[in-house]
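What follows is a set of structures for review.
In what comes next, chain A is part of two complexes: it sits with chain B in the first one and with chain C in the second one.
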Partner chain A sequence: MDSIPILKIGSALLVTIQVDMHDQLATQLQEDLTTRIVEHHARGVLIDISALEIVDSFIGRMLANIASVSRLLDADTVVVGMRPEVAITLVELGLGLPGVKTALNAERGLALIGGVARDEAAAGDGDDD
Partner chain B sequence: MATTTETLAIVSGDDVVRVRQKVRVRATEAGLSLVDQTKLITAASELARNTLDYGKGGHADIMTVNDTARRGVRIVFRDQGPGIPDVALALTDGFTSGNGLGHGLGGARRLVDDFDIQTAVGQGTTVTIARWRK
Partner chain C sequence: MAKSAAQGALARLITDGEAEILADWLRTFATGETRISEQEAKAQGKDLLHALGKAVADGNVADIGSPDYDEVRDLLTGFSRSRALQGFSPSETATFVFSLKQPLFERIRSTADVKTAADQLWAMSSLLDQLGMFTVEAFQKTRDELIMRQREEIEELSTPVVKLWEGIVALPLIGTLDSGRTQVVMQNLLETIVQTGAEIAILDITGVPTVDTLVAQHLLKTVSAARLMGADCIISGIRPQIAQTIVQLGVQLNVVSKATLADALALALKRTGRTVEKVNKSGRSDGALAAEMRG
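Let's turn to the complex of A and B:
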C-alpha cells in the first residue's frame, strides 16, 4: 500500500499531500507523523495542501487531529498552501480548524515554527545539535 | 430536464473519492465557477461519507440539469440504512452520533442552492442537492 512521504527540513517535518486521501491513508499518515515527531525531536510539522482541490470535514478532522497530537509532543502544526476556494468552502462548512496555524507557502510556514526551525532553515541546513 | 444520470455505488472510502471525481467532471461541464465547483464537491463528499458511515452504504445518482431556465448539477444520495430520527437535530452543527465533528449535513446544506432530505426510521435516507450556474 502507498503512503505519504515525510521529509525532514531542519527540525521540522514536511508532508506534501498530493493524492485524494482515503481513510487508511489518513490514518497511516497520522501514525507515521507521530512516530517521526518523536524520532526526530521535531519542533514543527508543515502540511502542504496546495494540491488538494477540496478539504471536507474528514480531512479537516485529520488536520485538527494531527495538530492536537503534535501539540502534545511539543511540535507546532502549520498547514500551508490552502487554495482560496478551499478556504471559502471551509468557512461555510463551519470548520475553523482550531489549533491549526496556516501559512501561504512552506517558507512562511517554516518561519512560523519555533526559533530552532527558523534558524536552521535560514542557515540552509542544520543538523549539528 | 435532467439528462444522463450516472449512478455510483457507495460501499467503501474509495467510492467516496470516485463520487468527488465524477461530480467535479459534471460541475466543470456545467460551467460552474471554481468556487461553486468546490462547494458542490465538498457537499457531495460529506453526503457520500454519511451514506457510507451511517446509511450502511448506498448510491449516488449524479445528473446534469440543462433546461431553458438553468444549468447545473443535481445529486441524489440514497441509502436503506437506519434513517434519521430527528432531522433538525442532525442538521445542527456539532451534532454527531458517531465521532465526527457534526458539520457534514448542516455544512452541505449551506454549500448548495437546493437541499432536500427525506428519511424514515428503519427505511433509509435520501438527500438531494443541486448547485446552479450563476
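Let's turn to the complex of A and C:
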C-alpha cells in the first residue's frame, strides 16, 4: 500500500497527488496530514493536483475536509494546479470548494501562504499552541 | 395490368427519347431566369436524364427510394447542395427538376390511346413530384448544415479572451449565455488562465442583452471555475436595467462587480499592485491619480 508523501517547505507542507485517489489513500492522507501539521506547526498546506485528470465528488469532498481540518489546526489550505477540465467538472458537480484557497501553480500557492504568514506576523498575532 | 404497362411505356419513353427530351428540357429551362451557365445546366441535365433513364429501365417509376434510383438521388443531392451554397432559392432549385415535366408531357401527348396516356401522365407526374420533393429536401438539409456551421463559428468568434495586462485577462461576453455557450466560454477562459498565468479575470457583460436567473447561474459557474484555478473574477459592464433585474430576481451575485470595464481594470491593476499615473507633456508625472478610482 503506497502512501502520498508530505514534504515540509518552510512553514508549509506540500502534498503532491500523483496517483488515482481511492478511499483508503484519502483517509490515510488526511490522518498523516493532520499529524504533520501539529508536528511541524505548519501554517499552510499546499495540495498540488496538477497530475489529477479525473476528480469526482469524492475527491472534492476530501479536499474540503482537509481544508476544514487544517483550519481547525490554524493552517491555510491552498489547492494548486487544477486543470481546466477538472475545474469545470467540479463546478458542474456543484463543488465550488468555498472554504479552500486556490492558486494557479505551486509557486503562487507558496507565495499565498507566505503572504498570509507575513500578514499575521505584521499584525503581531503570534500566539503559540 | 394497365398501370404497369403504362409504367413500362413511360420508362421506354424516357430511355428512347433521351436526346430529344434533353433538348426540349434545356429550351424550357433556358427561357426561365437562371443564374447558372447554359453549359452547366446542359451537363447537369444530361447526367440526370441519363441516370433517370437507367433508373426507370426496369419499369420502376413509382419508388424513388429504391436502389434503382441511387444514382439519381446522388446527382440531385449534389446539385441541390451546390445551388444552396450559391444562394439559390428553393423554388429556383426545384424548378430545374419540375421543368422536365413539359418535355415529357409533349412525348406523352403523341400517344394515341387516351387511357394509356392518362396512366402515363399520372405515373410521370408523381415520379417528378417525388424527385422535386427530394431536391427541395436535400436543399433544405444543406441550408441547415450551413446555418449550423455558421452558428458554431459565431460561438467561437463571440467568446474571445483578451489579455489586458500582465496577469489580467478580460472576457467580453456578447450575446445570450446559454448552457452550450457557457461551456465554451468557461473552457476558453480557463485555458487562457493556464496559458497566461492570469490572476484576475474580468467578465464584461456589456454585450449580454438580458440577465435572468439562468444566465446569472452560468456566470457564477464561470466565476467559480476560475476561482478553482486560482484566478479572481470581476464582473463588469452591468447596465442599470440589468442591475435592477438582478436585484428584482433576488439573484445573489456574490462577486465583485463594477459598472464599466474601465473601473474593473483600475481595480485589477490596484490589486496586482500597480498604479496608473498621468504624465504631462514634459514627461513628468502629475502624481498618482488614476488609481484613485471609486471602489
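What we mean here is this: the second predicted complex is superposed on the first by the 113 of 129 C-alpha atoms of A that agree within 3 Å, B and C clash if a C-alpha of one lies under 4 Å from a C-alpha of the other, contacts with A are read in each partner's own complex, and residues count from 1 in each chain.
Methods note: a contact is a pair of C-beta atoms (placed from the backbone, for glycine too) under 8 Å apart; a residue touches a chain by one contact, two chains touch by 3 or more.
Being a predicted model, the structure only gives us computed values, none of them experimental.
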Notebook entry, point to check: Fit or clash for chain B plus chain C once both are placed on chain A?
Noted result: fit
Notebook entry, point to check: Does the superposition put A:Gly96 against chain B (first), chain C (second), both, or neither?
Noted result: second
Next item on the list: Kindly classify A:Leu7 by the partners it touches after superposition: chain B alone (first), chain C alone (second), both, or neither?
Entry: neither
Check: Does chain B (first) or chain C (second) touch A:Ala111, or do both, or does neither?
Finding: neither
Check: Which partner does A:Ile88 contact after superposing on A: first (chain B), second (chain C), both, neither?
Finding: both
Check: Does the superposition put A:Asp23 against chain B (first), chain C (second), both, or neither?
Finding: first
Margin query: Tell me the contact category for A:Ile54 with respect to chain B and chain C: first, second, both or neither.
Written below: first
Next item on the list: Please work out whether A:Val38 is in contact with chain B alone, chain C alone, both, or neither, and reply first, second, both or neither.
Entry: neither
Next item on the list: Considering only the touch criterion stated at the top, classify A:Val80 as touching first (chain B), second (chain C), both, or neither.
Entry: second
Checklist line | Lowest C-alpha to C-alpha distance for chain C against chain B (Å) | finding: 8
Checklist line | Touching both chain B and chain C, residues of chain A | finding: 83, 86, 88, 92
Checklist line | chain B contact footprint on chain A (complex, rising order) | finding: 20, 22-24, 53-58, 60-61, 83, 85-86, 88-89, 92-95
Checklist line | Complex contact set, residues of chain C against chain A | finding: 183, 186-187, 190-191, 193-194, 197, 199, 221, 224-231
Notebook entry, point to check: What does chain B use to touch chain A in their complex?
Noted result: 13-14, 16-17, 20-21, 24, 34-35, 37-39, 41-42, 45-46, 49, 93, 100-101, 103-104, 106-107, 110-111
Next item on the list: Using the touch rule from the top, collect the residues of chain A that touch chain C in their complex.
Entry: 79-80, 82-84, 86-88, 90-92, 96-97, 102-105, 108-109
